[in-house]
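Before I ask anything, here is the structure I am working with.
Think of it as A, B, C and D in the order they're written, each chain with its own count starting at 1.
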Amino acid sequence: MGCVHVISLLPLLIIAATSVVVLLAIAVRRNHAAAFGLTLAGLAAGICSTFFTPPNQATQLLLMDRYAFFFMGLLMAASLFIALLSYGYLAAREARREEFYVLLLVATLGAMTLTASSHFTSLFLGIEILSVALYGLIAYLRDRSLPLEAGIKYLVLAGSSSAFLAFGIALVYADLGVLDFATVAQRISSTQSGSALGLLIPGTVLILVGVGFKLALAPFHMWTPDVYEGAPAPVTAFVATVSKGGMFALLLRYFSLSGADRSPRLLLVLSIIAIASMLAGNLLALFSTNIKRILAYSSIAHMGYLLVAAEVSSRLGVGAGAFYLVAYFVMILGALGVVTLLSSGERDADRFEDYRGLFWRRPVLALIFTAMLLSLAGIPLTAGFLAKFYLVAAGADSHAWLLIFVLVVTSTIGLFYYLRVVGVMFHQPASERLVPEPLPRRTPAVSVVLVALSAFLIWFGVFPSPLLRLIQFAIGKIF
Amino acid sequence: MILGWLIVILIAGGLIAWPLARLHPLLSRLIALSAVTLDLALALVLATRDFGPGSTAGGGWREELDWSWIPQFGIHFHLGMDGLSFLLVLLTLFLGVVAVVVSWTEIATAVGFYHFNLLLILAGILGVLLSLDLFLFYFSWELMLVPMYFLISVWGRERRTHAAVKFFLFTQLSGLLMLIALLALYFAHHQATGIYTFEYQDLLGTPLDPHRAMWIMLGFLAAFAVKLPAFPFHTWLPDACAEASAASNLVLASLMAATAAYAMIRFLLPLFPEAVHTISPLMIVLAVIGILYSAILAFSQTNLMRLVAYASIGHLGFVLLGIFAGNSLALRGTVMTVIAHGVSIGALFLVAGAVEKRVQSREIDTMGGLWDTIPCLSGVGLFFALAALGLPGLGDFIGEFLILIGTYQAHIAAAAVAALGVLAATFYALRFVQYAFQGTNIHSWHLPDLAAHEGFVLGVLIAVLLWLGLYPQPVLQTLAQAASHAPALWR
Amino acid sequence: MTAIPMADGLILGGILFAVGLAGVLLRRNLLLILVSIEIMLNGAGVTFVAAGSRWGQADGQVMFLFILAAAAAEVSVGLALLLTYYHRRQTLDADYVNEMRG
Amino acid sequence: MLRLLWLVPAIPLASALALAVLRLSQKTVAWLGTCSITASSVISLLVSISFLNAPPASGAYTQILWRWFDVNGLRPEIALYLDPLSLVMMVVVAFVSFLIHLYSTEFMSGDDGYGRFFAYMNLFVGCMLTLVLANNLLLLYLGWEGVGLCSYLLIGFWYRDPANGRAGRKAFIVTRAGDTAMVIGLFLLFHDLGTLNIQDLMHRAVLQWPIGSSGALAAAFLLLSGAVGKSAQLPLQTWLPDAMAGPTPVSALIHAATMVTAGVYLIARTHTLYSLAPQAQFAAAVIGAATLLMAGFSALTQHDLKRVLAYSTISQIGYMFLALGVGAWPAAIFHFMTHAFFKALLFLGAGIVIESLGGEHDIFRMGGLRQKLPVTFWTFLVAGCSLAGLPLITAGAFSKGWIVWGAYSAANGSAELWVVALAGVFLTALYTFRMIFLVFFGQQNSQVTRKPGPAMVIPCLILAFLSIAGGYIRTPFASYLSTVLAWNPGITRSPSFGEMFSEAIVALVFFLGLCLAYVFFLRRRDYSTVLASSPAGSVLHRFWFSDWGMDWLYDHLFVRPVVWIAKVGKGDPIDGFYAGVGRLNEIAWRGLSLSQSGRLRWYAAAVAAGTIVLIGVVIFS
């Protein structure tokens, strides 16, 4: 492992170092602003580093290519936004706020590892780093009962899913004797259950369980609403974006490695999972009255959509997946940003009552939230529209008609609950005078985040060309 | 370039009108009105420049604008106008002005946001009518939905949320089916030629095997049939109309239907001639059933807006019939009907809205004897009811007559049964007049008659209908110019 | 020392995994569930070691070490959470952890 | 002079517009409304004189105003066509309209819808003249629907009573049912012959269709349906008696003199087509014969003065259809003209009677008005005699005698039709004098509260003159019309059975009817009551009174089913499907929500179960 390898690992190193630095800083003196500032600086540096770090295969475990850098940049940017959201949120709630950033950085590091991993070992390590940090993050507000419950649920379920994953990897290893993606993918495609021990396919399914759990795909999705609801809003945003994004980047890479001739049986399993996720996610959210749960269910459905892209895995499919993920990050961060902003000191703003008539009280905030929801539903002028378009295009290109048909139908079901929320916000109070409330103070960072995300939302929705060019540049090496 | 301005002015007008309402609602209204009026003026400039008596009779796009938009997918911001699109653009802007004027007194809350939405819808409609790039078309098609959703759900009546959601779900699902079809066509074209493009002219000649062509056509048809709306996909319209304000209904029933009919003529028929021919018997049957069905249901409604909505569906049944009759007379009649239906049904919504404003109800049972107290409004209502029942001399008649006489050339039975629909229209139109305006004034109402701006708007609409009914030749002449793009259709 | 056949190792790993899974599903005490998860992980670890010995590679044992480390980290965080939870609710019954549902 | 032709329909239309839009005093309305029709009728007279003095070379004058539209071979014009037939129609329509407008200025005075009334009436006259003068079937159809609309508006003129509105709608819908068939006929004609211009159509039809060909038959039958609806013939006659709900001048103008004869005009206009379709023509004759009898019987039983007249109108138009059907074309048009005079007069007289009795319609509550309303009595008597066909003197006798003769001698004529026509004469005399005796003779039952003024009396006098004098122009009329509408003679059956003989029989039958009426309704009223209360008599009476039960039949056959379907369908059954889809989703949501129980072990079990299922899928697929 030479110097070149180390340099290619720069983004990972920066984030790892930042977490250590923040930890040390806390040891020296507790200061929320300082920890926050250091975190921002580290993340910003990490993002910058992705632009000029030379791509390289750094050891057998990590493939630091442009693809990885793109997703790392995306994850770090998301973390940056989440850090910005968290600052005001924590300041109002928790006495010991500084460790939050350490956990955030470590979790990000885990997710970033996933985007670069080309080996099952790094996959397992990445997931573990991510998970363990997440337990802490979810239950960070430990003197409240909901975060604690969410943390325990996540702990138990994520722990057992890790066990599934590890056992699956072990079975694959027992069968093939190798653990790097390229070889495994190629062997899975070429063997028609003719492997020596017949453990390959079950092992792969077990691995899928682990991956599916992280992505909250049906039927491994049940933790999602409870964790989303219980976790502090910024952490919910993290679970929804960074943790899933890293995993998805890995999935996309894995499938693109196996090329066109993939095992039909595995494809079948994936299709079942995708369809189940789309259906379950959208149906579960239909009449739910908790915003965070609705977002959780909707994220299940969105992961189902994304799985379509993964399954197609043509060049178009990978591009669509990447674009969709970016759009999804923007809108889910935006939506949870609004939730964060509206949350009071006692509890998060996740009930319908918190949003009733929001448009008449805080028009700008309501419109931003509406834009995010409509983007989730895939309505034009927003990034979500083009993302869905791209996704359906990828599916149509590969003649995955059933999948995209289910996608279309379920996303229409999905529109129903987004519109329910929108309808609640635009519900006109009968008698009250309509005096628009000003935006609350103490939240400049959140406002900046929301405005920026809205700008991205519209930008990607109307002039997606730059982003598309970037994505094509990033995935160029894979094919 | 002027086409770009048409759209930009509307969007800019909406964006300016929105915040200005904070200062004073009147400012917002004025900005919106001037934006739409300016657009209408521009369109009239086009009328004299490109479609006037001096212009040559040749074909081709009279105005065109082509910018690269998303080169990665071969998507262009490509607008073009011929006689067909011009007519409907004119209709859109004309009714747009009407809608703004009518909203002057009707809309009192969130005035800025209202006008933003209204102008955005108009921009979306223009986008649909002008795009020559199928992606841009789809984009504009979907773009209309959100502002329309807001128009219903914010400024509607009691059950507005339900109605708005229903509208949105129907149109969204059908739109997504069209998206699949559109992409299938896109890739089929790529397969055949190796070029990725959404360009209308390029896709026109895409070779498709019949089976695939049928499926792709069905995808497009789903979107158009729902938006039109055609029987049996119509049920969102009455619900939406029952809740939305009069101006929204004008946009919803008159203009959205116009876009759907336009899309069928512009895209469905030329892109998939064989598939359309195969399915046309079914569609003709649906159209005829729809005509009769909606007439009967209109007859039984007690909500004024709902009644008019079913009347609208009946007229749109004729539109569907004309499109699938496979006859150029019928096709010309279709365009006439779209225009005349836009004016007459739109006006009926306005009349219903004006009545509602006065008696504070949409239920026909609570009215009666209004002629005693508001004779002018009642007379105007009578006039538009007559237009709706297809009285000769008014615009609707010309369209329906051409459709029926064209249909007769190919499908005698369909034309005969559909002609019964004209008779059935008499039932509900006269019932509307009877229950709303005639009878005894049991409530002893003393209501204000038409205000100046209402009278002016409705008067202009009456004049337009008479003009369309007695001298429709300019319209048909302009339409003839569109023939060059799909000569087989118009021959 | 005779080599243990790989099949035996695999079967042992499988049994451990199954036992752990059954524990997770059947035990109501959160602490025991945590223990069961450890058993599952160890099942995976045993399988790795067995597979490694089949291929004559160190990779299996390296993975086992990673799994051990991960399990340790998980348990430490988990125990902390359980402790806090016990303080709040005075119980570790998993079936009471359902304030959120629907 | 001929170039002024367009003004004939244009002036009433323009003044209708002015009356509808402007707010005018009652006096101005009367002036404007009447003067427009005066101007129109004066111009029509001038045009006619000029046409008669110097007929165009082709025998007809066409004035193209503008091309309506021009698409793919369908190129109708807004154009007027003047030939002897349309000239007669135009002059009669314009002149009778003028008289009735004059009458209305007084009749309607004080009504709060005065302006509206004259606007509608002017619109009607404009549309009727358009109908008559149209050179193509589409423009004719425009006028056709226009008069139907005015009929609807004017029947329901007193809109406060829902019953009037109902009558108006009934009239409009029933006639429109016929119109629908007619418009399909237009489609057929255009499809087969490629034009809608009437003269071209007739020309091409002769060239293209052999006699009795299916195309000609279908077209003729379809147009006949339209005519039957508009002219209140079997089986679409039910609307006309109810249409009496409108103001009496409306009944006089629209439902007696002009609009209801539009069907006659249509068939006469397209008579070439009917010559190609003898079966259709014969059907017209049969319809006419049946209608004249049925309506005659119904008229016998009515109590309402205006309803008697309404059935009488139906019956008389039945004569015209009979004439058309047998091929006695000029007789039909001649009867149209005389009927316009005397029936308008009867209605105007009835209007005076009803007004003067304060709105009393029941003839059994009238009586003895001879002394109180002498002028009205005499004019009414003249008109009644004309209607019943007092021989040698009255116009009605000339026209009706002609038709009766035609029923035997014309192309499609037969002895059976002749007998029916004679029976009609008898019935006409019977119900006419029943009415006259009951209203004007006997003892006075109610008080006369209002006397007619000059504006109401003068039109009556003029019409009375015409009801007599109109008959004497029969021979010049026939020869004049012969260029476009020649008598279609049949084979002479028996030389002894000549026209004079037929006329003599008609006269005999008339007197028979008169005598019977005298006995039953003046001398011995109790005879009629006895007859009507006898078992068979009362059944027949009720049957005839209710228009042979046709209203009941249609009510059960069409109206109720439609209303029932509408009631059932109100909530839109199709929507039920979508609601079902919605409910299905809701059920799915409920089911799935149960799975989100919040319990850890359940979640873990789901993960395990999912894993097992997926492994199963992999292994067994």
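Note that a residue touches a chain if its C-beta (ideal position, glycine included) is under 8 Å from a C-beta of that chain, and two chains touch if they have at least 3 such contacts.
It should be emphasised that the depicted structure is a prediction, and the values quoted were computed from it without experimental measurement.
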**Message:** Just to be sure I understand the contacts, which chains border both chain C and chain B?
**Reply:** A, D
**Item:** Closest chain to global C-alpha mean, per-chain Cα centroids
**Value:** B
**Of A-B and C-D, whichever chain pair has more C-beta contact pairs** = A-B
**Request:** Using mean C-alpha positions as chain centres, tell me how far chain A is from chain B in Å, no decimals.
**Result:** 42
**Message:** Taking the mean of the CA coordinates per chain, how far is chain C from chain D in Å?
**Reply:** 96
**Item:** Separation of mean Cα positions, chain D and chain A [Å, integer]
**Value:** 77
**Asked** So how far apart, in whole Å, are chain A and chain C when each is placed at the average of its C-alpha atoms?
**Response** 26
**Sequence positions of chain C contacting 2 or more other chains** = 21, 24, 33, 94, 97-102
**Item:** In chain A, residues with contacts to at least two other chains
**Value:** 152-153, 156, 160, 164, 225-226, 288, 416
**Message:** I'd like to see which chains touch which, written out pair by pair.
**Reply:** A-B, A-C, A-D, B-D, C-D
**Prompt:** Quick one: in the complex, what on chain C touches chain D?
**Reply:** 21, 24-26, 28, 33, 94-95, 97-102
**Request:** Note which residues of chain D are touching chain C in the complex, please.
**Result:** 593, 596-601, 604-605, 608
**Prompt:** Which of the residues in chain A come into contact with chain C in the complex?
**Reply:** 121, 124-125, 128, 131-132, 135-136, 139, 142, 145-146, 148-153, 155-156, 159-160, 162-164, 166-167, 169-171, 173-174, 177, 179, 197, 199, 225-226, 229-230, 288, 290, 293
**Asked** chain D touches which residues of chain B in the complex?
**Response** 231-232, 234-235, 238-239, 293, 296-297, 299-301, 328-329, 332, 369, 371-372, 375, 379, 386, 391-393, 398, 401-402, 404-405, 408-409, 415-416, 419-420, 422-423, 426-427, 430-431, 434, 437-441, 470-473, 476
**Prompt:** For chain A, which residues are in contact with chain D within the complex?
**Reply:** 152-153, 156-157, 160-161, 164, 201-202, 205-206, 208-209, 213, 218-220, 222-223, 225-226, 265-266, 268-269, 272-273, 280, 283-284, 286-288, 413, 416
